[in-house]
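Please find the structures below.
Below are two complexes that have subunit A in common, paired first with subunit B and then with subunit C.
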Partner chain A sequence: MDRSIAVWVSAALALVVLIALPLGWLGWLSVSGEHGVTLAHYRDAFADPALQKALWNTIVLAFWVGLVSVAIGAPLAWLTARTDVPARGLIRGLVLASFVTPPFLGAFAWVMLAGPNAGILNTFWRSLTGADTPLLNIFTMPGLIFVVAIYTFPYVYIMVANTLALIASDLEEAAAILGAGRLTVARTVTLPMVLPALASGFILAVLQALALFGSPAILALPAGFHTVTTQIWSLFQFPPKIEQAAAFSVPLLLATALLLDVQKRLLGRRGYAAVGAKGGQRRTIALGPWRWPALAACLVVMSGAIFLPYAMLAKGAFSRAWAQPLSRDNFTLGNFAFTFFEYGSTRAAIVNTLELAVLTACIGAAMVALLSYVTNRRLVVGHQLVAFLVLAPVVVPGVVLAVGLFIAYTRPPFVLYGTLWILFLAYLTKEMPVGYAQADATFRAIPADLEDAGRVLGAGRLRILRDVTAPLAKSGIIAAWCFIFIGVIRELSASILLFTPSTKVMSVVIFDLKEEGQFGAISVLGLVMLALTFATVALVQAALGRDVLGARR
Partner chain B sequence: MTRRFMGPALAVVALLAGLVGGGQAQTASKHLDGARKEGKVVWYTSLVLPSAEKVAKLFEAAYPDVKVEVHRTGSQRILQRVMQEMQANIKNVDVIHTSDAGHYVFLKEKKLLAKYTPVGVDAFPAGFKDKDGYYYGLRATVNAIAYNTKTVSAAEAPKTWKDLLDPKWKGKMVTAHPGYSGVIATHVLALVHLHGWDYFKALAQNKLMIVQSANDPATVVSSGERVVAVNGGDYSAYQLKKKGNPVEIIYPKEGVPLVVSPTAITAWAPHPNAARLFTDFTFTREVQQVMADSEGLYTGHPDVTYPADKPKLNELKLLTVTPEELEKRNEEIKKRFVEFFGA
Partner chain C sequence: MPGVILKALSKRYGDVGAVDGLSLEVKPGELLALLGPSGCGKTTTLRLVAGFIAPEAGEIWVGDRCLSSPASVVPPERRRMAMIFQSYALWPHMTVAQNVAYGLRFKPGLRRGDRDARVREMLRVVQLAGYEARYPGELSGGQQQRVAVARALVVEPEILLLDEPLSNLDANLREEMRFEIRRLHETFGITTLYVTHDQAEAMVISDRIAVLRSGKVAQAGTADDLYHRPRTRFVAEFIGRTNVVDGIATAFDTVAHGGLRLHVAPGALQPGTRVALSIRPHQVQLSAPVETADGANTFRGTVRRVAFLGDTIDYEVKIAGSDLVVRAAAAPTPRFEVGAAVMLRIAPGACVPLAETE
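Here is the complex of A and B:
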């Protein structure tokens, strides 16, 4: 019992610091006026036509991103999980790459690819066809939807691919034997079984789009429109309207909570006995003559997410003028020299980022390991509540969390603004659910009988933990560590409100450079960020012995 | 109204007169010992990044024991940072340099600036000096039009601010943002004096691309993403042109908004001696000459000479605004700009 108390006290304390205090302050400030409680900030926020427009833009963006993500993610998942499309491993690898690519880097690369006039693709299109009008204009709502969706569809892919991998083919075959055509089988048997996964992937994609800051800031602002996140950010400009920002954050928070609740219900209702059953065979569908066209289609999608943007960043990093061909005159290493040796903020930012990433990943991994062990083995009273609370931050978008943290920690008793600790708190809170999901899956896979066997043989709990559980859980916890690490180095939406000039991180430096139009330096730092990310991914794959996408987030 | 414009106008006259005198580089400064002990100076600056880093490197070369920490962002972002740090009681910044002179009126009123007169600024024209001795103009630039010479011929190019209202430029122009840049805030106010807010309302009909920094319109134009920049510091365009980019600068005959960018030491500067040493250094003829030569800026230093391929300030009709008015109308400028341009 005393053990329970210790766990509870520390968990409660952590929760107060990470969630209750920031969100409490957020809620309070949104209704506090000079003369007590008021709804004036909500009135100000929602009566302002500019803010209304931002709200509408966000709804449009999120909805379409959800749809496009399903349209891309579901067929890709079906192709790789169920058919004999060539190079399935490669496609999975590319989906993974798009999953871990920081979306704001993708958005930035697409500015260089599809800016209506200088964009490389448009220049090429014009020289090919002699047309006057651009092929693509990335500074539009459809452009923004496209760029967000190509980095969001992996959420749908993961949900659908993992479900398809669990559905045995017997039902489909039974339907086929009964005389149903291929399409009818797909429509009446397969689709209903993956529908919850589809809907749930759709919701995850919508949530991503709602919370995103970088891509709208890079693509929507030049086109003269705001989304909720960029609007909240601009309310921090001097003279700050923090109360309005708080009032504007609350609906975003509620929308996220509501959508996640819907998602949970959808997944909870997945009562088909066929799903999750381990028996049964999954037969590969032969695509016949469609094999190669299907692969081509996959590669076209992936060139939008990976090949083109990565090549563009590399070109930007090595050229004097990114819009000109990479000729000998245009080739330079000057961007690297400038970024690493002349620009003083770079090194400090890389150091800050790595410090924060390592610290957050270590403490985060230790916390989620402990917590998921406690909840899985039901060591304390009310373990379900612990699990719920650890997963709770998933409903808080980065910008909203940052507004809360900013309000809570720029005033006594805890003034953390100006230190790396406020960023640490933001990252830990934000990455906790991801890490927990991974650790939870790990402990679930370790049967308690092994530990019981150790018990029977006379070992104490600590010895069992050391000799039985820890070796089995190791790779899963390393994976959790890496997920948190990757999440931290790409984080922008919370950092952008919480940094001070002496606590800049890489994503913020890239954003600063973007505002000034220093394309070369951004490309260089972008490549560094990608290299860090992929090194970490390689580490996870090695630790897990399989690819990352199999793990549900 | 006339009195308001007298200061800057006099400044210009004095600038043209080219008064002789002022400071030499003083390696032996009375602040040196203190600065050495402090070890560094923290500089929040809106000077475009490569130029700011260049100034910092020059300083570190002259005083190897004192490091410069450069934090470069837009003028309005700098004020936001400074005020947020104030609120959280963070004492980080020593020297503040932005292109929004209105900020200094505001900061002075709030008693956030330390009084300090840099060595040698006596010889600077009046428009570069605060009468109370809190801030001094480190550099100046003018807003100009820039166009891409690959796509626009000299004959077609817009010659005046009003030419930019021609619908033939629809979708082809780029503007920077007064909510980010002090150069642009000054520009907007000066043109509101000249042509009224209706000018910007009409300009917005041409569907401009919106960037943030006053440095960026010229880079957007040189990349060819848009063909005409409707504002931005002429020094950015000048630097790009010197590097061989297809950019040409137009100084409209109606007049060009002059932006004098002040610098000041904060009241709480954690490295006060280093701050003074650094401030003195940036006002030396050597540094001011570098700004004129390689950066294409104007300065208040009477002995500085300018590149032959850049117009002298006396050849231009200058539009000026007072820091006081800029401070007073700051909110209005940002709000109306967003109203017209959307973000």
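Here is the complex of A and C:
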């Protein structure tokens, strides 16, 4: 029982520092006035037409991103999971690449591709047709929706592809043998079984769009409109209106919590219960003459998400002027020299990012390993509550978390603002659920029998942890480490509110470079970030022996 | 070689009493099967004995050591036991030899050379010599089972615990392994608790069987005892098939079921009380009808259903002038068809009064 208490006290302390304190302050500040409790901040926030507009923009953005993500993700999932479309492995790889690409890098790339004046696609269009109006303007709501959706559809893809992979063909054949035609089977069996996954993928995509800061900041601000996240950020600019920012954060928090609850119910009711049956063949559907057009359609989508932006970043990194054509004269390594040696804050930011990423990943992985072991083996009373609390930060968008942390740690007893520690707390909180989910799946896959078998033979609990549990859990925990690491190096939405001149991180520097129009340097840092990300993904895949999109081995 | 004594053990999960005042003795060197349907508490009992869970009441004694009581529980690693799991629980990251050798790491004073020799010897005994360097994932189910057995036996435990060890094997292999486990028990003579829900398995393997129901021992005894002298309807129906006839005792050796009178071997029937009789199907004798049907427990009947099972024929016979339908297992000849009139004869000694009518 004393062991129980120790675990509980440390877990509770950690969760208070990470969640309760920031969110508590957030909620309190949003209702506190000079004369006690007041709703004035909410009134101010929601009566302001600018803020109303931002709220509406966010709803439009999130809804359309959800729809577009379903429109892209679901067919792609079906094609790769069920049909004989060529190069399925390649498509899956590209979806994964889109999944791990920091969305704000994609947004920068698309500024270079489809900015109304200098955008490469537009100059190409003008030279091709002689027109003097641009073909595309990325600084619009549809442009923003597009750029967000191409990095958000993997959420739908993952949900649907993993569900399709679990539905045995015999479920469909059972309907066919009873007289249902192919379309009827699809309508009455396959679709209803995939529907929860589809809806839940839609909700995840909506949540991503709600919480996103980078892409709206890059595309919506120049276009002259705000979303909730950029609005919260601008409330933080001088003169800061922290109370209003807090009041404006609360609805975002509640909306996220509500949507996640809906998603959980959707999955809980029919999702996995219905497709849990083991065995059964999954036959692939022959597309016949549609094979190659289907592949072409996939590649068109992927050129929007991967090929064009990546090529653009590469071109930007190695060109003197990114908008000019490729040529020997235009080639330079000067952007690298500028980024790493001349521009003031880059090197410190890279060091900060790596330090924070390694520190957060190590401490985070250790915490989630311990907590998921404790909850899986039911070592303490109330283990369900521990699991709930560890997963709770999922409902907190990065910007909202940052507002809370800012309020909580700019005042005694913990003054952390201005240090890397406040960023560390933000990252640890934000990445905890992802790491925990991975660690939890790891321990769930290790039957308690394996540990018990060693106990009866004479090994104590700690000895078993070393001899049996640790070797078996190692690769899963390494994967959790990698997920946290990737999450940290790409983090922008919380960092942007919490950094100070001496605690900049890579994503913040990229954001600064935008203000100065330094697209060459942005491209260089973007490539560095992508290289770090893909190296880590490769490490995860090696550790797990499967790609990271899959639900099972 | 100590035995195991369980004294009034109780363990609840929420509102459900998984084990509810269970008392049992496993004699030194004995193989005792804990038999019962799922949810009867047999696995909980085994895990209590292993020390994975603590009892809320009662004690577990091995020899003169009290291993479990509500006040203190000796942890599993200090109980000098070994356990074979339903899932085998072989460590996938260790070779066969490493799996088997694991328990020997905790034997002080055992040199590496001796350890290796004992592992090799044990693998020979379970017929897995030459498989030392394989990983569990590379073995068949039966071979994995043997590794699990070797791992448990090599440490020379005082007590061996088995939790449905054969339920993951296919039918043929299961039959073979029953005899194998029995052979190993006779070789090593380790006091053993064997959990199973399969009555045939329990009867083949064990010296004695404890039938569990709702966390209590319904009856413990040899297979012969339980089959021929079941004390309750539950035990009678769980061990082999049986006909249960409800009735009222009209004399110390007679039971009435409607108009039917069944004679029972003279015993302790209380005239006027309700009583249930167990009659095994193979003790119902069938013959062609004759004119003069008398003698104790001789009835006319009609065949309602016939199933040919190879070595026997399974009949369902309705007894004339009664609502009673009994099942009879008879030799393949003479053979009666559906609708045929037959004579039934049941020896009074084959009618076993059950203690509870429920």
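Note that the second predicted complex is superposed on the first by the 542 of 553 C-alpha atoms of A that agree within 3 Å, B and C clash if a C-alpha of one lies under 4 Å from a C-alpha of the other, contacts with A are read in each partner's own complex, and residues count from 1 in each chain.
Everything that follows uses one rule, which is that a contact is a pair of C-beta atoms (placed from the backbone, for glycine too) under 8 Å apart; a residue touches a chain by one contact, two chains touch by 3 or more.
Quantities reported herein were computed from a predicted structural model and do not represent experimental measurements.
Superposition of the two structures on subunit A shows subunit C fitting alongside subunit B with no clash.
Between subunit B and subunit C, an angle of 160 degrees opens at the CA centre of subunit A in the superposed model, to the nearest 10. When the two complexes are superposed, the chain touching more residues of subunit A, out of subunit B and subunit C, is B.
Legend: residue contacts after superposition of the two complexes on their common chain; A:38 is shown touching neither subunit B nor subunit C. Within the superposed three-chain model, A:459 lies in touch with subunit C and out of touch with subunit B [touch as defined at top]. In the superposition on chain A, A:541 makes contact with neither subunit B nor subunit C. When the two complexes are overlaid on their common chain A, residue A:343 makes contact with subunit B while staying clear of subunit C. Within the superposed three-chain model, A:449 lies in touch with subunit C and out of touch with subunit B [touch as defined at top]. Applying the stated contact rule after C-alpha superposition, one finds that A:332 touches neither subunit B nor subunit C.
Touch criterion met: A:501 reaches subunit B, while subunit C stays clear of it.
In the superposed model, A:417 makes contact with subunit B only, not with subunit C. In the superposition on chain A, A:472 contacts subunit C only, with no contact to subunit B. The superposed arrangement places subunit B and subunit C with a least CA-CA distance of 52 Å. Under the contact criterion defined above, no residue of subunit A touches both subunit B in one complex and subunit C in the other. Subunit A contributes residues 50, 115-119, 139, 220-226, 230, 234, 236-240, 320-323, 338, 342-345, 410-411, 415, 417-418, 500-502, 512-513, 515-519 to its touches with subunit B in the complex.
Residues of subunit A that touch subunit C in their complex: 447, 449-450, 452-461, 463, 467-468, 471-472. By the touch rule above, subunit C contacts subunit A in their complex via residues 50, 52, 75-79, 81-83, 85-87, 89-93, 102-103, 105-107, 151-152, 155, 161.
Looking at the complex, you find that subunit B touches subunit A at residues 42, 44, 48-50, 53, 56-57, 68-74, 76-77, 79-81, 83-85, 87-90, 92-93, 171-172, 179-180, 207-213, 215-216, 219-220, 222-227, 243, 245, 331, 334, 338-339, 341-343.
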